[in-house]
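Heads up, the thing below is written out as structure tokens.
Think of it as A, B, C and D in the order they're written, each chain with its own count starting at 1.
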Amino acid sequence: MSDKAHTPTLELKNVSKRFGPVVALRRGQITLMPGSIHALVGENGAGKSTLVKIIAGLYERDSGTFTLEGKPVNFKSTAEAKAAGIAVIYQEPTLFPDLSVTENVFMGRQPTGAIGRIDKAKMRSEVIGLMERLGVDIDPDRPAEGLSIADQQIIEIAKAVSLDAKALIMDEPTAALSGVEVERLFQIARGLRDEGRALMFISHRFDEVFSLCDTVTVMRDGAYIATEETATTSESEIIRQMVGRDVSDLFPKETADIGEVVLEVEGLTSTGNFSDISFSVRSGEIVALAGLVGAGRSEVARAIFGVDGYEQGKVKVGGKNLPKGNPRSAMDAGLALVPEDRRKQGLVMDASVARNAADAIRSKLTKAGLITAKAENKSAQIWARNLEVKTASLDAVAGTLSGGNQQKVVLAKWLAAEPQILIIDEPTRGIDVGTKSEVHRRMSQLAKEGMAILMISSELPEVLGMADRVLVMREGHITAEIPRENASPETVMFAATHSADEVRREGQDK
Amino acid sequence: MSTVTATKPASAAMRWFSSVVRSREFAIVLAFLLLVLATTLKNPRFIFSPDGWRDLLVTPSMLLVVAIGQAVVIISRNVDLSVGSVMGLTAYCIGSIFIAVPEMPVILGFVIGIAFGTLLGCVNGALVAFGRVPGMVITLGTLYVFRGINVMWTGSNRINASELPKGLLNLGTESILTIPILTIIAVAILLIVAWYMANTRGGREYYAVGSDPVAAELYGLPSVKRVFLSFVISGAMAGLAGVIFAARYGTIDSQVGSGFELQAVGAAVIGGVAIVGGSGTVIGAAFGAILLTTISRSLPVLGIPDFWQQAVVGALIVGAIVLDRILALRQSQRLVAQRFAEEKA
Amino acid sequence: GCSSSDKAAESGTSGGSTNEEPAGGDEAKGSGNNSITFLPKNLGNPYFDASYKGIQAAAESFGASTEEVGPAEATADSQVSYINTATQQGVGSLIVSANDKAAICDALVEAKDAGVKVVTFDSDTNPECRDIFISQADAEGIAKAQIDIVSEEIGDTGQIAILSAAANATNQNEWIELMKKELEANHPNIELVEVVYGDDDDQTSFDKTAGLLQTYPELKGIVSPTTVGIAAAARYLSTSEYKGKVALTGLGTPNQMRDYVEDGTVIEFALWNPEELGYLAAFAADALMNGSITGAEGDTFSAGDLGDYEVGKDGVVLLGDPYRFNKDNIGDFDF
Amino acid sequence: MKRIQQEEYLEYGTPGWKRLILRREAIIFALLVLVIIAAIITTPAFASTKTVTYLLLDTAAIMMMAFPMTLVMITGDIDLSVGSMVGLSSATLGLLLVNGMPFIVAGLAALCVGVLGGLFNGLLVTRVGLPALAVTIGTMALYRGIGKGMLGTLAVTEFPKEWTDLAKATIGSTGIPVVVIVLLVMMAIFIVLLHFTSFGRGVYAIGLSKEAALFSGVRVERTRLILFVISGFIAALAGIYFTLRYTSARADTGTGLELQVIAAVVLGGVSVFGGVGAIAGSVAGVLLIGVLAQTLRLHSITSDVISIVTGVLLILSVTVGSLALWVQKKRSQTKARAEAAKG
């Protein structure tokens, strides 16, 4: 028993992996001990997800050793890794959209009865139990299609947790979650740890790393840097190891002159998503739209931009009505939307980085009706450089970029359009600290230059750090509007969890 | 406690009933019944005569089995355009065997036909699954190749009914309790495949693979095997259809089943199998096949002039898929409204 | 589809009957090229298979080489490609059964200009596009033979229907017109209730037969002037409750119809011998190639075992009358 | 490694010439040239102006339809109704001519029918939200059926001679048909449209991800609708060409043409999943099938073999690429392993 406790559940040493000319991983190393939660941190593109995929059996490593409970293994497929007791939550949710939530959780290992008949009732009740444990309310019979990223992530977690695995690997599981769900996840993770399983946790949020993990491994440029006990190291130490330098202010908010109202939303209603949403954004102002996951914030953004329709209400830009359901005219009016799902909405994953970066300014690049690859590349270069997108080349397929770098390309694409109003849904999801402060700095600067910014964020520090004004949504309604000086974690969270009336009453009480 | 157990079965039955009524398949069945009703009112012999009854049941059996296989392939996000050619080649193969060995038991003929179709399906499946290439291109290729082989083999030959053993031909008309044997075979296979697709791990994996192939791979599902098997099933079904053709029509030339691929895809799509994979049922596809076959049979009875019949068939196909879509939209709107109302309450 | 016997729809139409290629014969004679290319409507059709046998037999007797090419499906545009190819190859003569009387015309004219002798048989083109048309029988004769048989069998009274090939098959349509005239003139008690089109496809013809029988409960007879149609209809009838109650006749090949004649589904049907038709066409081609005829009206040539033939108006050569097959004589034929 | 060197990623990874050569279109073109050379060597009759004439006349209709089909398939849709539209256009033209309309009017009416048919397809796909495959299987039967119903037993064979001659005329003694001029103009238009306009960028984006395209301001539904209309229009044009070339208006004209067009386009490298393909590839695909068929026919090889060769070519066109990719992957992996072992 004690012997077992000292053999690592999973150990990789000197692992390398190349994709053609791109070296994704040069010297990957990690050791997961049973009964422990191990954090893996590193900049975007450091090779974390690649390491995960090697563990998962999706990629074959080029060199290095990989042992599972002391025995060398060589997975040729994800099925083999799964059979060996490794459960993986990938960075991007991978659900079957047409299948029900229940089927998604149990695919390939459904409980069966006589002659292989699936026991559907049993499966359903187990899923209900799982959802209860995770503290979420998702209909087990609904198809995965149309679930928000957060809900999808939760199902991924349910899937992995219900697998009775020796090692649970989680690649940024919390990127799409807000505080409440994160806390639930952590409780479960701790429970699994106490059962003696080995867990690996990747995140760009250091507060999470420190509150959950026992050990932390830092990677940089595809190579292992160091492993420390979380108890004996500090955030700034890790950031230094990770980035190779000190990161200045994470929320470099600059004061800007607040000007005219440029975006006005009046009584926007869409059945089942949100109702009676009214607010305005002025030039030079950063307005945050806060709330719990599933509050309907993204839906509001999509409706404003015209990707979705709405039943009632008006959207005005610079005093003029915006036709509904027409993204093109929204763009022409100076609107830009950085959507929440970069994989499906933000980028054409199979197109090149250059094409993607130039996608929002196609009409601007057109000369005499013609557009050339040269013009696209030129404009792409500028923004790729500004945001330090890490890619092998401009014609690399966007899907091969690391998660955070994909996010940067989406930002590049929309900043290139030089919008008057920027709606930005989870601007720094999956972005590393270094770049995060860079994105924040740039947002501040753009506001200062007169841009109106509507920022949807589930990260409270980001909301509090960046916003001039905070709008809080709950279940499709705006429950509070809080000026910067009054915004605090308590006020925002209270509004996010109570109805407008209650919030008002609470305010009067004070 | 007792009240709970007492009401539970009733509500389960109710739930089942309402889910059946709401299902996509139900709309097709309804359309089919209306069609049969209208035609029968016009001419009662459409079902109330021995031949009419038999034809009503037996004629769809060929498209029905092909549609079963096609549905499995489409559900796993592929399409099999070679079914017509597989069917033709199998029909000729089985015809030739029966001519060479007339005393061969008919059941063996079915086995050989299915085996031969399976073999051709394996060719498709191996190319698509192991080559990891789109099924549409491969099967468009094998559509040409199999048909070419068929023409080359058959030459100007043609198998006539008179050359085939009576035992086989009788199958085309014989029935048990007025249900034609070919129909019984087709329905039995339909039920087996439908059960397999709905209730087994393997069956559900076709849906998963079709719903999102990338996710299926990340998840560790045996996608290659499933894609391969879907084509094998489709081949086997097309092979069976070839034998049914031989039994029912008796005359086999080199063009048997040409153009059948699009009918099979059409049947599956009308029956609610999403062309992008991941959803639909083989039962739906089967009803699509029955509807499609019966439409073209009832038009002459309904007095539609011969020249215009194909146009009416086309209009009805379009109408059926539009209607299905509208019903689906209504349904989802109602669900959203319901959810919203519940949330408010 | 695999068609039956086609016949010159145009044999009756007026028009330039002059053969516009006087020099062609000499050219071919000089080149000594006597290869024959046979282009049926489509491959895989037993009717044309029999014709090709006749062509081969004839070619063997006068020492020419033969070759069969053609599309898998009976469409005019694919036939054009084969005609063009034959022109490029510079074959001696081309024997064609046309899928469309006009569509392949230009290609044939081009072939003629290049010195290829063009013989149409079974289904003709416009007369100016070929040298000679070998006609199986004249249209009136074909129409009358079928009406005669069906009227005899149904007692010259009651409803009948026609199961044709494709809706715009010229030869079929001409026969059907002539049949209507014949009915009107000589069989006032017979009512033609409908003409349906089986597209020369087994399955379609089979299902259309079923439709006819259901739609018209009083139906007494079916005429199917196409080999594919009559065989499919016979097969349906033979297993249905209408067997022996509904008369069936038309144009069919003995091998396909043998069983149905023997089991009483069909009493009598008509056709000519497609092998002889091919045989005659090959001899006509040979005569054109060696320059002994030009295809002008009045030219005569010898067709081996079949004896001597004379070219008629519009360059048409008639094989003879259609033959009626029944229980007594069907055993003598194998095609 | 330090911070990434900026110049490294500011350029394309592979040099321009290499990208050009490795493109699928280039490979198909190379194959086409090889086949032509082989045909010239093995087939004496091949090297003549007649070959050029016949080849281009035979493939003109397919080539025309291949242009819009390329775009439609790049958006991830498909149009199976084009073959039937050829028939419907032919029937419309014939019927109106028989009823005494001037040719120009009848031709314009046929083109209108094409536009309407394309619009109907497009509306069902974009407005009702039905899958293109399903819609066009239905309209394939519908349009063919309407054509058949309109013409009935009629087969029109009388056309103004100047028009039928034009359809077959060649430019001087070059053997190049006049219709090639039309094809070249079309090709130029479609190349610009697909490869050098914002519209074309949208077409690719739609094929790769409709949702992402929508979020980038691409008018997804409108683009798809326009493409269906173009497809219908050009199919009708091909119908008129067919009718004139064969001097015969029939409702069954163009039966099965849809699969031939799709086969050629797919051979030319257009992905059936959308997002991938180029006009040049489709042109090469059409010509490759045409030249092969022509050569085989000159060798008196029958249609069954031609159909087998076409099929095998299609299969090879995708499997060889996949095999090459696999080999490349294995090679780079071994290389990476070797390097890792050294370092």
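Assorted remarks:
Quick note on the criterion: contacts are C-beta pairs under 8 Å (C-beta built on N, C-alpha and C of every residue); 3 or more make two chains touch, one makes a residue touch a chain.
Here is each chain with its UniProt name: A = Sugar ABC transporter ATP-binding protein; B = Autoinducer 2 import system permease protein LsrC; D = Autoinducer 2 import system permease protein LsrD.
Model, not experiment: these values are computed from the prediction.
Looking at contacts between chains, the pair that accounts for the most C-beta pairs is B-D.
Using mean Cα coordinates as chain centres, the one most removed from chain B is A. The distance from the centre of chain B to the centre of chain C, each centre being the mean of the chain's C-alpha atoms, comes to 38 Å. Put simply, the C-alpha centre of chain A and that of chain C have 74 angstrom between them.
We define each chain's centre as the mean of its Cα atoms; on that basis chain A and chain D are separated by 42 Å. Residue positions of chain A with contacts to 2 or more other chains are absent. Multi-chain contact residues of chain B (touching two or more other chains): 147, 151, 274, 307. Looking at chain C, residues 43, 72-73, 167 sit in touch with two or more other chains.
Applying the touch criterion to all chain pairs gives A-B, A-D, B-C, B-D, C-D. If you check the complex, the residues on chain B that touch chain D are 79, 81, 127, 131-134, 136-138, 140-152, 259, 262, 265-266, 269-270, 274-276, 305, 307-315, 317-318, 321-322, 325-326, 329. By the touch rule above, chain D contacts chain A in their complex via residues 1, 3-4, 6, 8-14, 19, 192, 196-198, 200-202, 204-205, 208-209, 211-219, 275, 332-333, 336-337, 340-341.
The residues of chain A lying in touch with chain D in their complex are 16-18, 20-21, 60, 62-64, 221-222, 305, 307, 327-328, 330-331, 337, 339, 344-351, 355, 359-360, 362-363, 365-366, 369-372, 377, 381, 384-385, 388-396, 413.
Of all residues in chain A, those touching chain B in their complex are 56-58, 77-82, 90, 94-99, 103, 107-110, 112, 116-118, 271-272, 475. Residues 43, 67-73, 75-78, 80-82, 84-85, 87-90, 100-106, 126, 166-168, 170, 173 of chain C are the ones touching chain D in the complex.
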